[in-house]
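Here chain A shows up in two complexes: once beside chain B, once beside chain C.
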Partner chain A sequence: MSEPRTSHHTEEITRLTVEWAAEILEEPEVTARDNFLDLGGHSILALRLCRYAAERFGVEYDIMTLFENDLATAAEDLATKVSAAPSNPDGRV
Partner chain B sequence: MSPTVNLGISSFGFAFGEDRDVATSAGDYVDNPERVINWGFRTFHRAPDDTHATQLATEASRRALERSGTTAAELDLVVLASSDLPEYSYRDEAAALARCLGVERTQTLFLQEGCGAGVHGLYYVAASMTMQPEINRVLFIAVNRVSEFHRNRMNVVNAVLSDAAAAVVIERGRSSNRWLATEQFTEPENCDLLRVDFGGTVNPLPPQGWSSRTAPGGHEAIRARFGDDPATLQRFLRNRYRRLVEVIDHACARAGLGREDLTHLIYLNDSATSINAVAEPLGIPLEHTNAELAPDHGHMGAADQLVSFGQLLERGELSSGDIVVLCGISTERWSATLLRV
Partner chain C sequence: MNGSAAPTRAHRASGSDPRPGEPHDPAGPGTLVETFARAVARYGSGIAVVTEEESLSYRRLDSWSRALGATLRAHGIGHGDRVALRMSPGAEAIAAMLAILRVGACYVPLDVRNPPSRNAFIVEDSRAVALVGTSDGCAEERDLLVVDEARVTELRQGPAPSDTEEAPPSPEDTAYVVYTSGTTGTPKGVPIHHGAVTALLSGAAEKFAFSVGERWLLFHSIAFDVSVWEIWGAFHTSGTLVIIPYRTTRSPEECLRAVRERGISVLTQTPTAFGTFSTAALRSEADLPELRYVVFAGEKLVPSALLPWARRFGLDRPALVNMYGITETTVHSTFHELGWEDVNDTTSVIGRVLPGFDHRVITPEGREAATGEQGVLWLAGPQVSHGYLNRPELNAERFRVMRSPRDGGEYRYYRSGDVVSPREDGGLVYHGREDLQVKLRGHRIELTDIEAAVRSHESVTDAVVWVREYGPEDSRLVCAYTAEGAVSTRTLREHVKKCLPSYMWPASYRRMSEFPRTLNGKLDRDTVIHRWETEKESENE
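Up next is the complex of A and B:
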């Protein structure tokens, strides 16, 4: 049996989220368990992360989720939005 | 275009609270010091408990007056901009400063619009000098002295709040550091965002046991205002920077200049990334901003921009003819002032 499609999405989006956060924060040691604000993130960097997501998926992170949770949770929330986006009927990542 | 009024800054004077190391002090203010340390500030200034805004402003003023060879009696106007709580209710803080300086029977003005007052306050100086030809010498002071009872200096915004004053003597007919234009506008919708709920007429006193150390900070205020409305939050955050560029464009138009004429940008003391978010659309390189100075001061409220301008001049990083834009945000008020070195 193949894995549910959304778990692939979440995995890939989490990987990208960590990669983007590391680039934006200039912090190579970022993990999915880190919080964006604890790493020195702030509003303008969050907006840049949102722009990356919008360019790739057509939807953006929820900034409060990004501020108040770890990157994995923000990625999971984004994956849900990607799957639900009307412009992405196949739920492709 | 601005009406023709020829005025410029002839001297600067600064006063700082004691230098404190952010990394070793953050734990005294917040439970997650790493977050504060990662903002990138090295030092902030904390005034001793018995040193308040008037003392800082007086010290900075005396230095500025001494450097320009001006006596208190020669001043025609004293404008004080203060970005934290006044020392007392029902008192004119500008009058208190004038008394400390020995200024008698002279016009004074007290501005309280927050951190941007050190930028847009120069408009009121220029306007007064335009309307009153007899005003030749003005003392303008921007001061920030955090009331730690009311505010936790490490959890209001993403910058460590700092205690300092910057004073400048402004003279009619001075061609260097010449004022060119000031523009400002207000969008009032979110003017409550950073308010302190206690100490005014609505709630004169805090509840028993209330402490700024444990009270909700700026992040909680953002959540309360925008937590259920991510689209509005995005728009609010984006507009902070868009509006800055917009008000700078307005100031350029007022001065008959274009963005390409701007050589330096001095924003409030924020992270380099945030300063760059303002500078980049204007084509100003980060090296021509206050990004390098900010980590050694923290956010000194209304005093940021004049401290940076004076220090860039002292360091020889500005040349005659450079066009410098000072810009800032109070809560929902954007302002920009252009100066020609």
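Up next is the complex of A and C:
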């Protein structure tokens, strides 16, 4: 039963990641295929994005993953951490 | 335009008019009044000025300006006076300019499209004693003597006064005062003396292969100093100054037609203006067989932008010449004729300084820049202005006596505020204004380089890049652009990614229908930035 729940998480987390990135970057045209740096993101903005994630899930994005991959990959990575996080045993989104 | 008869040197030796097409001899330094008198003596029956309505020979322009000069003198205007000149481009404006110079005064051009407050400021700041042309209220405010256009026109037919007492200027006397805005806001008056302009003309004559009878287009407002080059380039070469109405200069198609039908041989353009001219020329089937030179001035040239033009028209006729210059050093300071290696590259080579100049390139550490190293350009020589009007602090900051690394002599240098780097061959590469070079997250970034990269996309017609403050510790590069046809932000991002390192990628792009221009045809960066903020604000509402 855990399989569909994780993919649901990933989908939701990806949606949130794109939404947050668009808000932080003030760039309406963001998609999950975009890279954070390509969109003009920089380390201070990445930390801001991490803060959003920490407030919501108690875990943060991996900065290198965020810088080197697209937002979908960064979101997937975050979803894995959310599932594994002890502070979030239910994997609640 | 050019006569078909073979040029013969005998004509000039015997004192009669030189033939069109004959090699042009550079004149020695002197005054503009002497330069004009030389053309009258050599080429009196030749056409000095042609407008849409009329042609005027050197002899007729001479007697007209002499009569007008007598009138000015009768009003007490003479040596050392400053005279505001507010006229649309035309034969009258040229006659008035000559008359002012003849009596030993200097002209202070007021753009007819300037807001009245700016012209009032210029009249006040320059302490002009009279206004020739049409006042927009600035003369009345200061109770100036006005010689209006009707009076100027009237004197055209009048016989030249026979024995007028002229007070000819010396090369050190001011010929004109042009007001520039710069980046600080308050316009500052830049006085340029006769000898500075004649040094420019004779220096340029060494670099160009001008012939007698070149046809120069007056494209720029008389309030923009590039017009000095256009007007006096024509008179110095005993050529013809072709004057077109302002509205023609604003339409690339009309301008192209004028260049073709009027047989223009020397065309001076800002790179921005030439961009639209080139687009019109490439769209049309027309050839431009009379055009010998296109001279770029007033803005940074990105040579790769000229590639489509070069493929169609080549690089020989017309030759494309990049001339870097600033008002304070009399229109042009360098010369570089573009070759294929230039147009295949974005590097803005401006070439060597004109004869007479002494230059230094000083790094931020205060050293002389080595080959390839960037620094601020300082210029000394006969073309350097004697200093801004009424601005002692600014003069102390910008004009400094320093020792020349070339010959050890002490010269007065002007700090250009432009960043250049020396090349192996002694020429210079232009990078940009000091104030357009930014440091962002540890990287030194040339904003114009990013603009050039965006502009290199085939759909993009122009681009402006700047650093926008999104919040504390959050500054990002943003880009406004104009384009032909559809181009998405994503496409531009992909394109720029291929040209530049990541720290130079704009974070945000915004398309604008067109860019605002200053009266001089230069891109108005401040207004573009302002428009961005206004548009963003209205979207957030």
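Of note:
Note that the second predicted complex is superposed on the first by the 90 of 93 C-alpha atoms of A that agree within 3 Å, B and C clash if a C-alpha of one lies under 4 Å from a C-alpha of the other, contacts with A are read in each partner's own complex, and residues count from 1 in each chain.
Following the convention adopted for this analysis, a residue touches a chain if its C-beta (ideal position, glycine included) is under 8 Å from a C-beta of that chain, and two chains touch if they have at least 3 such contacts.
Every value quoted in this text rests on a predicted model; they were computed, and no experiment measured them.
On the shared subunit chain A, the superposed partners chain B and chain C overlap sterically.
With both structures placed on the common chain, the touch criterion links A:63 to chain B but leaves chain C unconnected. Judged by the touch definition given at the top, the superposed model places A:76 against neither chain B nor chain C. If you count the residues of chain A touched by chain B and by chain C, you find the higher number for B. In the superposition on chain A, A:46 makes contact with chain B only, while chain C stays out of contact range.
Contacts of A:37 after superposition: both chain B and chain C are touched. The clash between chain B and chain C in the overlaid arrangement falls on one stretch of those listed (38-46, 128-136 or 236-244), that is 38-46. Chain A residues in contact with chain B (one complex) as well as with chain C (other complex) are 37-40, 42-45.
On the chain C side of its complex with chain A, the touching residues are 441, 470, 473-474, 476-477, 489-490, 493, 497, 502, 505-508. Note for the complex: chain A touches chain B at residues 37-40, 42-47, 50, 60, 62-64, 67-68.
Remark: chain A residues 25-27, 29, 37-45 touch chain C in the complex.
Note for the complex: chain B touches chain A at residues 32, 34-35, 38-40, 158, 219, 222-223, 226-227, 230, 233-234, 237-238, 240-241, 271, 273-274, 277.
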